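As C-alpha cells, here come the structures.
One chain, subunit A, links the two complexes that follow: it is found with subunit B in the first and with subunit C in the second.
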Partner chain A sequence: MSDFLIHVSAVACLYGILALALNLQMGLSGLVNFGLIALFGCGTYGAAFAHLWGWPPLAGLALGLVFAALLGLFFARLGDRMSEDYWGIATLSLAEIMRLVFTNEQGLAGGAQGVSGLPVTFAALPADTAALARLALYAALLVVAFVICQRIARSGFGLSLKLMREEPQLARALGYDLARSRRIVMVVSSLMAAVSGFLYAHYLTFVGPEQLMSHETFLIWSMVIIGGIANNWGVVAGAILMQFALAYVPFVKDWFDVPSDFVAATRLIIVGGGILAFLIWRPKGIFPERIGGSHV
Partner chain B sequence: MIQFLFDTVIRALDLALIAVALSGVYSLIKFPNVALVQYSVTGAFLGMLLQQAGLPLLVALPLSAALVGLLAMLFNVLLFERLLEEGSAIALIGSLALSMILSAVFLLAFGPAAYRFDLPVAPAMRFMGARVTVHQLSTLAITLVSLGGFAAILFFTRLGREMRATATNCVLAAASGIGTRGVINATVFISGVLAALGGMTLAMRGSVSIDLGTQMLLPVFAAAILGGLGNALGAIAGALVISAAETFVTNTNFGPLFGQDFLFAPASYAQTASFALLVLFLLFRPAGLFTSEVNRV
Partner chain C sequence: MSEALLELNGLSKAFGAHQVLDGVSARIRPGEIVGLLGPNGSGKSTLLNAISGFLPPDAGRVTIAGTDITARPAHVVTRAGLARTFQLPNMPTRMTTREVLRAGDVAAGAPRHMLRRTGRDDRIDALLEMFRLAHVADLPASSLSGGQKKLLSVALALRGSPRLLCLDEPTAGVHPELRTEMVRILKQAAGEGTTLLVIEHDMLFIRQLCSRCIVLDRGHLIADCAPDELEHNGAVVEAYLGKAVQKGKTAR
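Our next item is the complex of A and B:
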C-alpha cells in the first residue's frame, strides 16, 4: 500500500471513532451536539499538556479522558434544561469558547502556535512498519468502538435511548430517568472522542486551536448523515467515504491547475452539499437505520 | 461613560438587524436559520458590486437588500420547506450546510481579502465627549429606520397582523383564511432584507470579508436567544445586552484587580463574553428574557 493510502486510512479510522461517538449522541439518543470537536479537543490537549509537563504519553490519555468526561457531563447537565435546537447552539458556543481561549492564552499550551514535537506513536519501529502498526492500532480501536456502540444499540438501554429520541414524554412517563441516560451517553461518547483526539495528537505530533474549528464538527456530522443516522455500519462507511473524498481534492486541484482557494472551497462544498443532498433526497443515509427485528 | 454607551449602541447595531431577522423568522417557522448570517454577507458583497457597477449608494443599498430578500425566499421554498417536514433539528443542520456552501461560494468569488465600500473618509467628530464618525451616524440612521419600518409592518399593517396570527397559532390562522405559506414567505423576504441591511451597515463602518458570517453567528444567536427567540423586538434588547457585555470586556482595565497598572483582555474575548453570557442564559433561563413559554423536553 502506498504511504498516502495508509495515511488516509489511518485518519479515516480516527474519524470513524468520532462518527460513532456522534452517532451514539445524535443518532441513537437524538442529542443534537454541535460541539463534538470540543470533546475531541479534550483528548488532543490532554496529550499536549502531558508533553509540555514532561509526563509519559499515557498519562496524557488519562488527563484527556478526565477532561472529556467532565465536559461531557457538563453538556449533559445543560441538556436537562433546554430543547434540542437550543442545546445545539449551546454546545456550539462552548466549543467556540474553548477554541478562543486556547487561541488567545499564550501561557496555555502555546496559544495560537499550539504545541508541536509530540512523540509519534510507535516511534521505535522503522518508518514503514510503524505506519502499518499505527493503522492496525487505529483500526483495532475502531472495531472496539464499533462493538461497544453495537452492544449499546442492541441492549435494553439502547432501546430506552431510542424511546427518549422519539417520545421523550412517554419515556419519562414510563419511568426512565432521561437525565441519567443522557449523562451515560455523553460520558461514553466523550471518552470515545477523547481517545480519538489523543491518538490524533500523537499521529500528527502537533496540537493547535485551529484543529477545533466548528467546521470539523460539521464534517463529522456529514459522515453521520451521509452514512445513515443511527446505523453504526453506516456512519463508519460515511467516515471512510468522506475522508477519502476530501483527501483527493488537492489532486483534482493539481490536475486542473486551479488556485489554492479551490481546495478549501471544494471541501466546504463537499461537506455542506453532501449534507444537504442527503437531507433532501435520502434523509436516512446510505445505510438506513434498521427498525424492529430481534434485539434480544 | 458616554463613549462606553456609544460603543455599546454601535456594536448593538451590528447585531440588532440580523438578530431581529433571525427571531422574526423563528416565530413563524420554528427553527433558527443559521444561514441568515451568510445572507447578510451576501448583502454586503452584492451592495459593493452594485456600487462598483456605478449605482449610487442610495440605490445600491435597497436594491441589494431586495435581491437578498428574494434569495432568502428562494432558499426557503426550495430547501427549508422540505427539510422542515423532517423536523426542526434537521432544518437547523440543513441551514448550517447551506451556510457552508455559501461561504465556499464567497471564497471562490472574492478570495480571503477584506473589501470596503467606496466611501469618503471623514475624520471623527466629537459629540458630547465621545468620538463619532459620519459612517457610524449614517448606519445608525439606516438601522433605526429599518427597525422602525419592520415594527410598523408588524403592528400597523394587515400583513403584520397576519404574521402575528400565524406565529401564535399557525393552524388556526390557516383555518380563518390566512394564506400562511404566503405570510411565511413574506416574513422570510423581510428577514433577508433586514439581514442584508445589517451586513451592509457593518461593511460601511468597517470592511467585509468571507469570515464575517462565522464571526457574527454566535453573537447574533446570543442576542436573539437573550431576547427570547421568536420575539422579534426582544432581539433588539438582547443585542444591547450582548454588546454592553462585549464592550465591557474589551474596554475595561482589569489591571487593578490583579495588582497591575494595565491589563486589557484580548479583543477576541469580546466574542467569548457573548458566548459565555449565552451559555449562562441557556442554563438558567433557556427561553430568554421576555417569554413565558415553556419550552423544554
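Our next item is the complex of A and C:
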C-alpha cells in the first residue's frame, strides 16, 4: 500500500508540473491550448530517441527540451494568425497529428509498439530507496515549477499577461507586443511540460503514442478547472486530487465487484463530469484566482 | 513651416464598398491641442484606428515626428510615442484598477522583469488621486462605472507621458465637474509637452480645451479652424444639421 501511495504521489507531481504549465498558458495568459500533451510528448520522445540511439539520458532531456521549445514556438506562431477559438482547435489537431505519426510510422520510435526498456531513474539504488528518491526529485521539481509560475504571475510581466488574456486590444494600445508575450509563455511552459514528459518516460521505462491521447490533455484541463484557473496553488491541488481520485477507481471496482470496463468508463466520467460540474457550478474552481493578488 | 508631430497624408480606408476615410490629410504641430469632430459615423474612430496601428489604411501615410508608422503594429506605434484610448473603454474583470495601471507601465512588464515582483508605485497613487479613482483602486477594473472606466483609460494613456495623446470621446458619461477637472489635467499634460488629439461631441469641452478643430464628414476633412469659428462654418453646420434643417433654422 505504501508503495502504491508513493507511486500515485510521484505521478501526481509530474501531472502537477503539467497543470502548472497549462495554467501559465490558459489561466494566466488566456492561451486555450488543447494540445498540451504534444509538448509533454516532446519530453517522452526525447527520452525515447536518446535511448534508441544509445545516448545518455540527459542528452534525451536536452533533445526533448529542444523539441518542446520549437513546438511551443510553432504553437505561438499559429496564435499570431488566428483567433483564440481556432487556435485551440489547431493545437488539438497538431497533437493528434503527432500521435498519429508516431502510431503509424513503424520506423519512428517503434511505431504503435513504442519504445520500452528505458532505464528507470535512480536504477542504481535499492528499489525502495529509488522509489522514494524519485518521489523526492519529482516533488522538488514541482516546487521549482511552482516558484517560477508564482513569480511570473506576480511580476509586471504577469500583469501584462493578464491584460493580454482579458483585454488584448488595451494591452496592445499600452505598447505590449502580444506575439512576443505569447512566444515567451509558450516556450517557458513547453519546457516545463517536456521536463515532466522526460521524467515520466524514465519512470514508466516505456514511451508510446497512446500516452499522447487527447484525453490526457483533458485530464490536465480537469486539474486546472477543478483546482482553480489562474491559481497556482489550486492547479497543483487539482492535480493531486484528480490523480488520487483516478488511482482509487480500481479499488472501488474490487469492492463493488463490477466488471473491468467500469474502470476506464469511470475515469472518463470523473474527468469529463468533473470538468462539466465545475464549469457549471463552480467555474472558478476550488481555489479561485486571487484578484489583486499581485500587490500584497 | 514648423515640423509636424503627426502628419497624415491621404489616408483612406474602405470597408467593402463603404469608403469610410477618403484621402484624409492633416498636420498637428508639437504642443497643439486639436479637436477631431464630426457627426456619428463620420469616421473619427476609424481615423484614430488607422493612425494608431489598429487598422491598416488602404492608402496614405502616417508619420510621427518624421518617422513613418503607416500600418505598423499598434505596440510599435505606442512605443513611437503615441498613446490612445478607446471609445468603449473595456476593462478586465480579473484585475484591479491598480493592477491595470501598473500593467500600463510597459517597462515593468517587459520580459526581463519576468521574475521581479511588482512594488509600490507613487505615480500610480498620484494618478488614482488625480482621477478620483483611489476608492476603487482595489476593485476589479470591470466593476467601475462607465464614466470611471473613461477616467481610468485616460489615466492609463497619460501614464507613459506620451508625445501624442489621442483620446476617443474621453468625457462621454463623465460628470461635468470632473470634465472641468479633466480639462485642467489635459492642459497640464499639454504644458508638460504632450500634444493632444481629442475626439469629442461636447462643444463646451472642445472650446475649453482645444486651440484648433478639424472636422470629418463621411470620410472627408471639411474644416480646420478655431473652435469659435465652427458655428460660422457653412460646411460644418451643414454636416451636423443637414441642409433642410439649416434652412429651417435661418427661417426662424
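In this text, the second predicted complex is superposed on the first by the 292 of 296 C-alpha atoms of A that agree within 3 Å, B and C clash if a C-alpha of one lies under 4 Å from a C-alpha of the other, contacts with A are read in each partner's own complex, and residues count from 1 in each chain.
The definition used in the following text is that a residue touches a chain if its C-beta (ideal position, glycine included) is under 8 Å from a C-beta of that chain, and two chains touch if they have at least 3 such contacts.
What you see is a predicted model, and the numbers here were worked out from it, not measured in a lab.
Visitor: Return first, second, both or neither, reflecting whether A:Ile275 touches subunit B, subunit C, both chains, or no partner chain.
Guide: First partner only, subunit B.
Visitor: If you stack the two complexes on chain A, which partner ends up touching A:Lys253: first (subunit B), second (subunit C), both, or neither?
Guide: neither
Visitor: Does the superposition put A:Leu100 against subunit B (first), subunit C (second), both, or neither?
Guide: first
Visitor: Which partner chains sit in contact with A:His7 here, subunit B, subunit C, both or neither? Use first/second/both/neither.
Guide: Neither partner.
Visitor: In the superposed model, which partner reaches more residues of subunit A, subunit B or subunit C?
Guide: B
Visitor: Using the touch definition from the top, say if A:Asp85 reaches subunit B (first), subunit C (second), both or neither.
Guide: After superposition on chain A, A:Asp85 lies in contact with subunit B alone.
Visitor: Contact-wise, after the overlay, does A:Val32 reach subunit B, subunit C, both or neither (first, second, both, neither)?
Guide: A:Val32: touches subunit B, not subunit C.
Visitor: Taking the two structures together, which residues of subunit A meet both subunit B and subunit C?
Guide: 178
Visitor: Could you pull out which subunit A residues touch subunit B in their complex?
Guide: Interface residues on the subunit A side: 30, 32, 34, 78, 81-90, 92-94, 96-97, 100-101, 103-104, 168, 178, 214-215, 218, 221-222, 225, 261-262, 264-266, 268-269, 271-276, 279-280, 283.
Visitor: Taking the touch rule as given, give the residues of subunit B at its contact with subunit A in the complex, in rising order.
Guide: Touch residues, subunit B against subunit A: 31-32, 79, 82-83, 86, 88-90, 92-94, 96-101, 103-105, 107-108, 111-112, 214, 218, 221-222, 225, 266, 268-269, 271-272, 275-276, 278-279, 282-283, 286, 295-297.
Visitor: Report the residues of subunit C in contact with subunit A in the complex, numbered from low to high.
Guide: 52-54, 73-75, 78-79, 83-86, 90-96, 98-100, 102-106, 108-111, 113-118, 120, 138, 140, 153, 156-157, 160
Visitor: Give the list of subunit A residues in touch with subunit C in this complex.
Guide: Residues in contact with subunit C: 148, 151-152, 154-160, 162-163, 165-167, 169-178, 180-181, 184, 230, 289, 291-292, 294-295.
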